[in-house]
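So that we are looking at the same thing, I have put the structure below in structure tokens.
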């Protein structure tokens, strides 16, 4: 007879433990941030909301993945990077780009295919290249590439690192493991940032990942650091030492953020049970910061909302982007 | 300045720790085996020596990989399998085939392209399919396939398992990890047999694998069993319980054999330092069994040598294989 | 069935039918479990109904196709979904070196019935890594068959045909087709009718209502249908150039022989497709046509495809790279001079 | 250099020269470290001399090409080795979706100078997964160039040309060529001479000593050279059929325009290659030739390739699947009637 536990294989996802309790971040106090950090956080937030809005109005085509709820990760992290470090972003990359360049106009123009688009409208939301920042749309593919970049840096620009963002679901791809193996074997200064939002598109982590990310790093003898805080200042304090280590000791590091996807995967495709969605919203740094630092928040929030609204108006009025292709 | 330790990246392999001491198997006593087991071991040994001899005489073309030193693995293991279990072999598969089918004629005919070849000479040494036994030549590719077979068995023939042989070097391939993840997620009765001979072609394990195989299994929450013994009876005793477990509990298992490549990778391409080759030879079960059970050994060895010599003569005299291709 | 059915509905129904009727059928892919039902919803309702044989997998395209091959090897009929056909590149080895090769490299036929579904093509603004038409890269792999979805071919029939070949096959599904409707009862629109021929490729022939020998025969995979018919309409109405369109269900293997009577009614032939130029399906067809119809044709087979370029994201740029109705029409008109 | 040089020696020397002269050059691959020096010994001596830039990797073809792409992105000139070109299938995604696409999908040219070396082809008894000629599957990927090694083209020049394109490129190396010698000074043998044309594909033209317009032009990649010349010799001596052979160094992109004066000297053209039939390089060339030489040719371009089959291991079976001298000769002879 069949002894399979069918729900492990197919079946509806609603029934399963998608609501596995998040680490109790809700209670945690968020530090009061310098204006610049808060502004960047809110710039990303309002940018993402504006993008979803443009889509829902039918003003943008194709696809997009907003980082609602995860904005604090690049804001915290990139203060520990310098211009010489490479960043490999992924499909959920608007926050990464904005935290690095604070250029909502260029990114919005890219998404809308308008003049001034950072990649002339060719790449769109998921395919961005500027200076030492690159994103692309095939999960996992960037890891070996980032390892190659780290190999270059180690020899030609020691002290610099390659940073690559992936989600929890991307650990399904074999390329991830090929890269980790090479990175550890060759002592490469590669920082793998895992944004573990406990879901991949519609699939909860426990249905796509056996074991843990920590154990997967350990499989290669790679150091792993777990970040449960959503507090920008705390995250920075926690990571500055380990990131310094990989700069000087030439070794890879996996940093796993336990985070929170507040929005849909792409647009309008959130099939999580209502309770899970509520739970994500309740843990959102945005609401919590608002509650904990109401005055600072209100002013900054208003000003970023207006700035993004203005950027949307301005970019929307631009002519279509042009591209000379070979 | 460059702080890379260059020998970790390129450089000559001779300098490195390829001679890392093997677990001290040399001293270990080998049980006296029933005639049938010893005969199979020796059949494989003489088959492999005959194959190398045919190559060196220019009587066979292409490539081959003999399992000299590793014969005891399938001989020990397959007593724990039944006909309904699937076996996925790899490039170093003659011993697997012979332990399963005791058919030196069919395999030799396959390697030499003669009538009676198990795959009509199309597959050759590395590409064999017979009943529930299959090998192919691309490293790592078989793991997801074996996972698919295990998925079938779990549902349609519960209690049966899929067994897949890989070497230590094959852990470089991403496909391995994709399969392990799925096998554990879906509770598949998949037995991954790792023949860790501490080398991949010319590359010592420590230069192609970061971390350990044990930790790589743990990365997926998969049970791992380490076999250091080269004693057929002891290996069987050690494994029968864990293999029963995966039959009844529907879960994967990684069994890692620490073993010994006594011959070249393929033919005449052994670039290991002389000391490493001597060390492998000194640990060879063949010499040890000869020493420990001289009389039983001498008779059985002579008879298998003669039987294989006869098989070579017989097969060599056959006409070329024929193949109707579509 | 009289109410027009959407192509995605037809495909979803085909998968339901397959799982209902064939106990050896499996469906495997990323995010296919209900309630999500797959990125394009082809899998909707399948996992609720057949939880054991509908397998929502990790993000592992190579692994998925490998698992499907293992299922095929044990006599099952798996249908694997690539979320976007671009990611079939990650399964290239499994398709080329395992699944297809296993059919013949063991010296006797090994049945390997499996389907890899590939949502394909552009014109939806998904950008360079989510819009390609990669059919051409899979042509000429021994024992690998290629099919393309069309509004003429019932997907249940197509899946049955694919699985009955006992070898791996890929189904390319133009993503813009999903929201269109299936054609029925031989009618395309007011001007055009169609019939299904009984050649091995199950070619659909689309022809003007009034049915003399056409000026052109256009051969195109299913994804081009709408654009081709639109071009044919304008050519007919504005320039009195008559075209017939042939849409085969099976793109490879493909032989023109059974279609020679049909195609040789025109002295001009065009192959239109969405792949980037060079190394295309059209080149394969053109060679066959030139061999058979040498000296009968007025000109070399006209090959139309996308530009040799990545497919940009922005709609206005994407539009210029892919083969559009206007370009198709213009090319045919110019080549008619 | 007067003593004839073996092709593998020439290739090894080219890699040495590259690493010696170009501080941004890297070589990466499986088992390439000394003393092993790679499965076919192309890497011999490299790691002893340049330990930091010669990287012996784990068995990770996709990863290797990804690492090479990362090196290219940072301005380096990596040369990656696939141990057998069959395994380039495992790097298909990295080549198609990352390395090539990066050149243009970011809206402005991103230089990606990298070479993927691919020991290719059969006739050595390596069996179905170690003998394929997969060139055709990589044709028509925007910004990916394909080259093939030949006994006419100095590999140092070829590598320089490939790296100077600032886009990824693959070098297919017929494994049977390694042990042959490079041709020198315009001489193939007693009957045939050669010259290098200065078209963009750096085509080598092989012609009979006595040099009237030939009956046939044969286009073939480098791996076919020996078989093609042998067929040409027999045709000349036994049937007085004269052939010229064109062996381009770059297979793709390829345009016949610069060669039109050369090829139109014959009224019959043949393309010979080692890929399995269908979807081939020859079909691409044939289409171009038909477009340019329509009505000038006596017959459609004759395409010769391997059977549409896996490549068996046993020598006698392999021989019948691959394109051999006798089949080439017979086909040309028959098509000359």
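All chains are identified by letter, namely A, B, C and D, in their written order; residue positions are counted from 1 within each chain.
The definition used in the following text is that a contact is a pair of C-beta atoms (placed from the backbone, for glycine too) under 8 Å apart; a residue touches a chain by one contact, two chains touch by 3 or more.
On a predicted model such as this, the values are computed, not experimentally measured, just so you know.
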item: B-D or A-D, whichever has more C-beta pairs in contact; value: B-D
item: Chain at maximum distance from chain D, centres defined as averaged CA atoms; value: A
item: Chain C-chain D separation of Cα centroids, rounded to whole Å; value: 31
item: Distance from chain D to chain B - Cα centre to Cα centre, in angstrom; value: 36
item: Centroid spacing, where centroids are CA-atom means, of chain A and chain B in whole angstrom; value: 43
item: Junction residues of chain C - those touching two or more other chains; value: 52, 55, 57-58, 60, 62-63, 86-87, 90, 93, 97, 101, 104-105, 127-129, 143, 309-310, 312
item: For chain A, residues contacting two or more additional chains; value: 2, 4, 9, 117, 120-123, 127, 136, 138, 155, 171-175, 178, 181, 185-186, 207-209, 321, 323, 325-326
item: For the chain B and chain C complex, residues of the former touching the latter; value: 86, 117-123, 127-129, 134, 136, 138, 141-153, 155-156, 162, 174-175, 178-179, 181-182, 185-186, 321, 323, 325-326
item: Parts of chain B lying in touch with chain A, wherever the complex brings them together; value: 1-5, 8-9, 154-155, 158, 171-178, 180-181, 184-187, 207-212, 215-216, 218-222, 250
item: Chain A-touching residues of chain D, taken from the complex the two chains share; value: 52, 55, 57-58, 60, 62-76, 78, 93-94, 97-98, 101-102, 104-110, 143
item: Residues of chain B that touch chain D when the two form their complex; value: 2, 4, 6-7, 9-14, 60-63, 112-113, 117, 120-127, 136-140, 169-174, 200-203, 207-209, 269, 271, 320-321, 323, 325-326
item: Complex interface listing, chain D residues touching chain B; value: 30-31, 33-36, 39, 46-48, 50-60, 62-63, 86-87, 90, 124-130, 307, 309-310, 312-317, 321
